[in-house]
Amino acid sequence: MKTTGFPLNCRALGFAAAALALLTVLPAPARAASTSIAVAANFTVPAKRLAAAFAQKTGDNVVLSFGSSGQFVTEITQGAPYEVFLSADAVRPEKLAAIGLASKSSLFTYAVGKLVLYSAKPGYVDAAGKVLASGKFAHIAIADPKAAPYGAAGIEALKALGLYDTVMSKIVTGKSIAQTYEFIATGNAELGFVALSQVINAKGGSQWLVPAADYQPIVQDAVLLKAGDNDPVAKAFLAYIKSPEALAVIRSYGYATKP
Amino acid sequence: MGAAAVLTLELASLTTLVLLMLGVPLAWGLAYAKGWWAEVVGAVVSLPLVLPPTVLGFYLLILLGPNGPFAPLLSHFGLTTLAFSFPGLVIGSCVYSLPFMVQPVRGAFAALGQGAWEAALTLRATPLDAFFSVTLPLARGGIATGALLAFAHTLGEFGVVTMIGGDIPGKTDVLSIVIFDDVENLDWNQAGRISAVLALFSFLVILATLRLGHRTERT
Amino acid sequence: MSRIIASFQGSFGGFRLDAGFDIPAGGRTGLFGPSGCGKSTVLRCMAGLVRLQGGNLRVGGEVWQEDGYFLPPYKRAVGYVFQDARLFTHLSVRDNLRFGLRRAGGGRIAEADVVEFLGLAPLLGRYPAALSGGERQRVAIGRTLLAQPRLLLMDEPLAALDRESAEQILPRLREVSARFGVPVLYVSHQMDEIERIAQHLLLMRAGRVMAAGALTDLLTDLSLPFAARDGAATVLELTVSAYDETYGLTLAGAPPLCLTVPGWLGAVGAVIRLRVRASDVSLLRRPASSSVLNLLPTRILAADIQTGPHVLVVLGVGEARLLARITRKSWDQMGLALGQEIFAQVKAEALAGA
């Protein structure tokens, strides 16, 4: 008797090999000057707008990658070729600078984030956040506090409100703030903590801006990475983010900025 | 890590069991059905091979959620969603590992042909009787291969669990997630240990599958 | 005598089946035709493995298929011996034999009888993988018999076997019907198999049954292709009357059809089957002394006189028929004509024990 489990896998392997071969044969596209940037997930939408504006101004290309800040640090320590890192916190860029993977002098705060309790259901989250104490929800989504600063802020807020122990068993963890938003937006989690920037333009749903006193300020720092040391485009992009024009864009997404 | 290992084994075992019950009849239908729709169903079954787990996870998140088709049923049990739950992971894993069960079993049934089945019918066996007493035992090599592959594939599953699991320790935190979290938190020693265990285990399962394939080919 | 009455109509991608026949529900009927003429399809229809909309089947008064009525295979008392045996490789020979027996809940055909008849005793503990082709087919026949069939269908059961294995099984195939009281429908595209096994014959061509009747009648029917083929022959079934120990000759038949055949072919009273080739029969005006032992008084019943060098002559010997193939020159020189009485000499060597 024959079994055909493995021919299938062999086919898949063959296909992968063919694809690889094809990649090496294809000519590399002519490279316009460009820089590659790691962006914390909460800053996804403004980053896209800033990159587009920068490209229009300078003609240089900005390649954006989105993920959790913790994940990026892992990748950067493993030699990922990002040239600029827009973190969701101040600690990680500092750490990278301390181990020589980023330029300490380039560090600056590009945004200060705000935490929001959000639900996709209109009227579910009240203006005072009392829903947290009601216990009527089955799942509350929070980004992984170890990897995403907004997750850490969410935990801090729950602790400040004295509710952490009661809701602890209902916490579901998103790998990034983007996945946390997905959990809530699809209704699988009735509510959760996300960045104001993610929901500032949301239609429908309900939200409560968590008082700044309930959590450590989410200071988001940008830094020039080692791979971008000699890239004028990377430096130009960092400079552009500091411009009043860019800061206005950032503020329009619900972030505070430092003067 | 202990709880995650137990959970991972539970998930892989239960998924394999469910796939045996669903995947074997499905493979049987696909092996013998004629007509275009069999190819359509076959293609759908094979989709998880090529779709990124994120796509599957996203669809599952919507399907299992409060706006999905199962929501009315779930509300009977006081639930709003199957995401972030062990049953949800089992459903996701079944979808994800379905082709690994169905393909070898379908191949075994196809190689078997209709001959023995027809012989059984002329020996007074009802179709159900013929299936269980002749077709199934004759296809046991393919079924064992499918079960082992589905089991191994579920052991190493990451994408779908990430998408619908919600990282709940002891409930949805399987080994691959623990490894990911460890790597992310720069705990590389722990990640390395679990990875080695998982890799060794998967290797043994694949080895068993290959040996099984040789054995059934000889008889 | 009860009958098996069948008719099947249907199309399979360009092939049209329109086969109807009525055969005795007893004895051995051969279904003969070239490859691809629809023989196996007819068998599959009879077994219920294929359901045609236009189908009728009655076996000994029991309806198996009729307009809007269809008995599934597992509810028919039908046995099917496939060309490729199709033993269940995961079961021992014993369990293969008992597969149908258990499901039929026992019956008049006993396991011990079948094991003895087919010589299966040494094989019982083995698995199909350890059997030769001939052994497999014997087990398959036994397995089918034990399912207590009221009709035994055999689809070229010897076609996949080497000559020696086939020769071993052939006598069993001839005996099985009488021994277990089951009518057998035997499909083959080998005429020599049919000649050695069948009593009745169905001739199929391109999806249709062209002729049906007793084997000897069809073999000597000049309108059918059998008489004209190379190696045309007739088949005689005779009862052994004596054995000549001095010369080692078997005497069979009763006047006017008495034949002497070399060798011991059976005890007195046994029915033996002899094949007489048309080319081994010659005609004489009057008896003459020759080395030929067998000289039969016959009458010319029919002749196929064409422009070729040969003439096919059908001879009557009592109720029996013989076929003779002589040259047209002989026919003319002897001044032969229909209705004439004439002697036929048949070379004893030419009578092969079937």
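As written, the chains take the letters A, B and C, and residue 1 is the first residue of each chain.
Quick note on the criterion: a residue touches a chain if its C-beta (ideal position, glycine included) is under 8 Å from a C-beta of that chain, and two chains touch if they have at least 3 such contacts.
Source: prediction; values computed, not measured.
Enquirer: Could you work out which chain's C-alpha centre is the most distant one from the centre of chain B?
Expert: C
Enquirer: Give the chain pair that accounts for the most C-beta pairs in contact.
Expert: Contact tally peaks for the chain pair A-B.
Enquirer: If you average all the Cα positions, which chain's own average lands nearest?
Expert: Smallest offset from the overall C-alpha mean is found for B.
Enquirer: Quick check: how many Å separate the C-alpha centres of chain A and chain C?
Expert: Comparing mean C-alpha positions, chain C is 85 Å from chain A.
Enquirer: Roughly how many whole angstrom separate the Cα centroids of chain A and chain B?
Expert: Each chain reduced to its C-alpha mean, chain A and chain B end up 33 Å apart.
Enquirer: When the C-alpha atoms of chain B and chain C are each averaged to a single point, how far apart are the two points in Å?
Expert: Those two chain centres are 54 Å apart.
Enquirer: Hunt down the residues of chain B that sit against at least two other chains at once, touch-wise.
Expert: Answer for chain B, listing residues that touch two or more other chains: 138, 219.
Enquirer: Mind listing the chain B positions that touch chain A in their complex?
Expert: 49, 58, 61-62, 64-67, 79-81, 83-84, 100, 103-104, 106-108, 110-112, 138-139, 141-142, 145-146, 149, 162-164, 166-168, 180-181, 183-186, 209-210, 212-213, 216-217, 219
Enquirer: Which positions of chain C touch chain B when the two form their complex?
Expert: 47-49, 72-74, 78-80, 82, 84, 86, 88-90, 99-100, 103-104, 129, 143-144, 147
Enquirer: Within their complex, state which residues of chain A touch chain B.
Expert: Residues 1-8, 12, 68, 70-71, 73-74, 77, 138-139, 141, 144, 146-147, 171-175, 179, 182-183, 186-190 of chain A touch chain B in their complex.
Enquirer: Per the contact definition, I'd like the list of chain B residues that touch chain C in the complex.
Expert: Answer in residue numbers: 115-116, 118-127, 129-130, 133-134, 137-138, 140, 219.
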